[in-house]
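Got some structures for you, see below.
Look at the two complexes coming up: chain A is in both, with chain B in one and chain C in the other.
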Partner chain A sequence: MHLPCFIQKIRAGGVNVNQAVEALRMENITKVYPNGVIANKSVTFVVNQGEIHALSGENGAGKSTLMKILFGEEQPTSGTIFANGQKVNISSPTEAIRLGIGMVHQHFMLVPSLTVAENMMLGIEPRKGLKIDRKRAEKEVREISHKYNLPIEPNERVEDLTVGQKQKVEILKALLRGAKILILDEPTAVLTPQETRELFAELKTLRSNGYTIIFISHKLNEVKEFCDRITIIRRGQTMGVYPLSDISEQEISKLMVGRDVILKISKNKILPGAPAIKVRNLKILEESGRVRINNISFTVREGEILGVAGVEGNGQAQLVKALTGLGPYHSGSIELCGTDIRKKSVSDIRKLSVAHIPEDRMTIGIAPRLSVTENTVIDKTDNIRFFTRLGLSKSSEIREYGKKMVRDYHILCKTPDVSVESLSGGNIQKTVLARELSGGPKVIIADQPTRGVDVGATEFIRRQLIAMRDAGNSIFLITSDLNEVLGLSDGIIVLFEGEITAYLPDASNVTEEELGQYMLGIKRQSPEQISEVLHEQKD
Partner chain B sequence: MNRRINLIVDLTKMLLIILIACVLVFIIVFLTSQEPADAVYSFFVGPFTSLRRIGNIVEAATPLMFTALAVIIIFRAGQFSMISEGAFFIGILGAMIVAITGRMPPGIHPLAAIVFGGFCGAFVASVPAVLKMMWGVSELVTSIMLNYVVQFFTIYVVSYHYREITSSSLASLLFQETSAMPVIVEGTRVHLGVIVALVLCFLGFLFLQRTRLGFKLRVTGDNLHFAQYAGVGAAGVMVSAQVLAGAIAGIGGGAELLGMYTRFKWTSSPGYGWIGIVVALLARRNPLLVPLAAAFIGYLNVGADIMARSSDVSREVVLIIQGVMMLLIASEALLQHWRQKLIVKAAEKEAKEGNDDAPPELPDASIGGNDIPYTGVDTPTPNSPDQEGL
Partner chain C sequence: MSGLVGYIFSSDFLYMWIRVATPLILPALGAVICNRSGVVHLGLEGIMLTAALFGVLGGALGGSLFWGIAAGILISLLLSVLFAYFHLSLRANNVLCGTAINTIAGGFTVFVLELITGEKGTSSSLRSFSFPNVNIPLVEDIPVLGDVLSGHNLLTYIAILMVFAVVFLLYKTPLGLRMRAVGENPNAASSVGVNVTKMRFTAVLISGVLIGLGGMYLSMGYLNMFTRDMTAGRGFIALAAAAMGQSTPVGAFLSAMVFAFFDGLSNILQLLRIPAEFVQMLPYIATIAGLTLYSIQRIYRFKRKNRLRVIEAEKSRQ
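Presenting the complex of A and B:
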């Protein structure tokens, strides 16, 4: 915001100078949360009509807060908002919608058991007497879906849709309510490359129809590819607005993080050892009887990272739960470090030197109101180093350990005694990592280890995982970040509808497109190719 | 910084609550009394006019300390069992049986009676806990229902097996003289039970902060999903917490019986478990603050008694005050605005100091242990475990 907007408008490629009308202006927004966190410090954010404007920054930089303020979900401590030149007070999402601001949340706000039309019309149903006019609802959905070239079947149930289709429903829902400014919160995080490209095409159509799009993303290559301008936020402050034609990915990431970041993942080749995770003919049924994992077998060897690629919801969550003892499995066997884990409790499995970095760390990965130190020793209460045999804690040992963890894992906090919930997302994940990796694990189940983590912390976490692998440990990596699965893994298996559809022994030779085809179920390898992942000698 | 702000706000909140309670007393008294000055005097100053009355405060506070400690241990484990009422009453029954039938020397007799009372309390408390563990039955519902079962069972046992037949009202047989708890302050009825309570409060604090089980208990109470994920054995922890709490309440019942009475004379459950919840909340779920909170509630009770005796205002006034206080304690939003303002100010000041000369730099996460505080995001939050509300 330091250069006059006018010059930037001219410099911004793809924006017609005559059309550059301010659609939205957030001026000097400051937000202090009740716990004292300053999420935004005098941020000014301006979006022009008919542009795709990227909003980038590390996790905890204040992007989400800014957008929550814009959508009326949070109130700013100070600052003003102008929509179409008018000063406005956005007190609630309803008010935001009335002003033509729509939001597509990262986690979809849809009712799975209702149809597409019912979801879209929720709260604004066309009526015929006392009844809902289903015919008209359906017709309206068809019309709007046709108008914006977002094909969707109104009578389909939302639970049967793919992630990409659900996103379309969310976008249409916002458009139907008269949104002229669309906020998309990390829309590509859950999409395959093919779906991502489709989304970009749709968003470009919207732009040419005069819609304004605010695109929140960590993925710099996407931002670079199709956004017009970018606002970068670091630590609650704007680092400037740039037309994307004038700035490189490297420069953006430097502005975001404040230093040069190595975006490429580099690792040495090492020879894998004996099998550490052996899964054979595993079948997992849901309580409803639905098959989530259908008869899969694979092996992860020592000194190997086996990546799991796949669109979310294809059985990854159930597989991880079964491997860590948190969920049941129906038939087949799981062997960790040579021990069959059937009927074993979570703590029994942990005692086999198994570490688990959970996907949803805020829900299951931490005790939020306990200190960083306490969070790093909770799995070590049987260790004679921290608790005497009578069960009394050795406070000084524990305190020292907490300090060491904070130091070794670069957890940024005032002291190790502060509660974990006061840390940023990346530092919470580092706390989880410190606990899980410091116990000397042989098998590490890493579920989305860098999701929602900022660039700097991502780099650190990846490097830690590679170091663990180089030390001869086995890592089972589940991630929806294609860049990560390709860069970090040695071999990759692809999960599609609960089955392994491909085994790619050398991740460095795989392209995103190829992987995407397996992930969407377009292509499938032969059983012989897939069984290579067992690493068993054939007679 | 925030910790200090929270302390200031919390203390002010407590003072405000007490002030509101006092104002309420004034209003009620002035509305109902013919001689309000006397009533107010006897309510506020009355409890301190003699050693015996000060003793009364301690006597009133003693059972509350036990039940409040039990409530704290249950709540800190994330459970909502209301069993401390029933556990306290069954503890009375257990101790009574030993006190009447036991033939033991003086020192051992009360000890055995109280221990047996604690055992009874633990048993009763384990019922809702086990039901929850096995079949997922809500401990809130089962514990409340069980309190009635305990009450009528106790009354039945006393009426049919230990009743003093010569007495017209319900009373048990006289306890053995060897079973009495010694009085520790001459001229009052303050008995050894208060020492037991104080020691237990301190041990309760140590248990929560300094032992393996206490640590697991706090983790389970903070985030059950995390406890399961970390392999803490959350189900076992939840049951142990309730059993332990039941034992504490049961011990409290035994100590109360042997310290204050020579016969069982209750016709219904005395309600210490319920008031214990008020005390636990007033103590901010911290065992170390329990004696203070219990003493305050005890003071209100004694004041009300004296007022009822020496003026024309009834002692039910205290129940009104307790109800209002519970509402005020539970109201998280009280003074929240002020707290927010203080925090904003502190955060802004801190940000200014930290970032005056240099633009914010993220410390290099890759090399060395750089301990620069990340003031933008990492400011500590209010909730240290012993400061948060319910």
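Presenting the complex of A and C:
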């Protein structure tokens, strides 16, 4: 695609803009954080009424920052905002809500121990005398949930909801406060394919009712399928606005990253070696006594990526915890690199050359206040390269290593000494990856390794994982991204309600539909077919 | 020993139990409100102590109980504002702020006491106005129960009413809902326009009144004068009671009663020549033992339940 073509498209888009009514205009927004990071550089962002407008860009490009400015959570260093043609000053979320702007955050803003109705009514509680009018609150929740066709039970506690339901609560919360412009910051990162489809159906209904939706996502196929126009930002600057009808995924990713991105995953066939992960008759119970993993067995061999497909909440989390020593299991056995891990601590298990890329990077993946460098050496405190025998740190060695990690893993940060929590989501993930993969692991438990990560970094992470596999390591991959599980895995097992319901030895021959049927429990293989995953000679 | 058991079940002891519980229940409820809003308030002890002194001074100088109450509550609010301003508005560390209040209170009360009475130990030279004792009309005539339940200080009854009031506040009112939301997920609350600092400020002020009443009870009910350091760690015990009660009003009330029981016991055991210090350890030992037993039986229950589940699962497979 040539530049003149692009310009033409912008012009074409421009014609549209003139016809449509502008719901919102952010002009020349610049944001410099107190630590000197320039998150937005003179960004202009225009959204029309009644469209689903995608906002895309690499990790750390400044998308969340721009949206926080729009929602009054951050103040721009310079620039102006117009809502419905009027210049406005959005000094707080309250002001944004007053202007009809609602936001569903990347990390949910809900109070877990409160009920759905309480969460939704927080701050605008209906009263009866001194008391909260619970009946009315409940009624209003039911009404609005019915009106927008987002079914939800008002009296359930938020902590008992699934991620998809929590998201509904978040959307309803914004609608209830009269939002006409909805900002959704990576809403689909945590959703299953089914939930994603449902969400989009809901969003389309809203659009046809005149609502404006701003949609942030790294999943370009979704963006392409569901959105009307896209604004692309790179390193804090806009790279243009395009109608999605005339731009391809490939072009979008090139604009985002500044180079060609290989969206298709390619890998060589290699012959798997000896078993490295051996799980036999594993059973995991929850404290309440509920069975989360019911008697499953599988083997992952050297030089193999075994993918786990399954709708979230079918035992994946418990299985990963058991494998990494973070959680209990109640019967059966787990062998990693030939050692039974019963009664072994997390550090014993890590010493067996086991790496863990955790699903929830913010709470167990990193120490947020420590620097990037510190986070990458934090598991190497008994490595005499970095620490003397007395436990004192060798600071110059460590500094060099931190620099190397930042370089090797393309971590976007001002210096390796900034705290990890100031990085954007994708760069935090790369920091985790740097620590876990640089230690020379033999077994890698990768739990949602590319969740919330941009296309460029996703490509990078996937290549790293394939390189680890090609070097003869075993990878156990848990992911809710169907493309990823199909493209990256050698073999796939499907988890449904804590049991393995299918083993698909060759992922390249599996279709999404077929996988979907196993994931939803519509189809199930025979025990003989499933036991193939043991890779044991039968006599 | 049987004499002791007999004494514990006597109406005298039960009456005393309620009496010593009062100065724990009130500040524990204050701590519950703070905890629930996400503020760990370590300044309870200092606020209690200062309120105890100012209650007496206000009464003596103003010439009536009303002025005592007014002065006590006013100083509690003042100290609470001080704590809240430094901790919430200027974002100073709460341990530092709380400790500062306690340390200042220790010196300040003695200083003011000497300034006004010329004495450093007690306010016995001043005329005290105490909260009246209240006889509950019909209850006081019931044989044993009447002796236990009736005739307490007005503040004791207020303390019990406050348990219900705090339940109402936290669970029934918009203010309580917002406080709990702010305590559990401040980002969520502020994203819907609830002002986190304002909510916490309010919580610290409301709890300030409760803590102040607890302090005033000591000098205007339990005793009828102020003595130096008369709170004797009750502020901290109240904090412990709130924590042990999982920051729920009823839980804090019950925990305060447990601590008060041992406090009362120590008074008796001293008569039996068992050192008071030993007895004062008892509530804490009892707490630890209680929590240990609780976890042990929970693990045991978990194991048993799971054994049943496994058997059931096996059966269903056959």
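Quick notes on this structure:
As a convention for this text, the second predicted complex is superposed on the first by the 388 of 539 C-alpha atoms of A that agree within 3 Å, B and C clash if a C-alpha of one lies under 4 Å from a C-alpha of the other, contacts with A are read in each partner's own complex, and residues count from 1 in each chain.
To be clear about the criterion, a residue touches a chain if its C-beta (ideal position, glycine included) is under 8 Å from a C-beta of that chain, and two chains touch if they have at least 3 such contacts.
Note that the structure is predicted; figures quoted are calculated from it, not measured.
Look at A:Met103: by the touch rule set out above, it reaches chain C but stays clear of chain B.
Between chain B and chain C, B contacts the larger number of chain A residues.
Against chain B, the residues of chain A that register as touching in their complex are 32, 34-39, 41, 58, 60, 62, 77, 234-237, 257-259, 324-326, 345-350, 356, 358, 363-370, 374, 378-379, 381, 387, 391-393, 395, 406-408, 410, 412-414, 418-419, 421-424, 427, 456-457, 459-460, 463. Residues of chain C touching chain A in their complex: 168, 172-174, 177-178, 180-181, 184-185, 187-194, 302, 305-306, 309-310, 313.
Partner chain A is touched in their complex by these residues of chain B: 1-2, 210-213, 215-216, 218-219, 222-223, 225-233, 336, 339-340, 343-344, 346-348, 351, 360-366, 369-385, 388. Within the complex formed with chain C, the chain A residues making contact are 71, 73, 92-94, 97, 103, 105, 108-114, 118-119, 121-125, 127, 130-132, 173, 177, 283, 285, 287, 289, 291, 294, 330-331.
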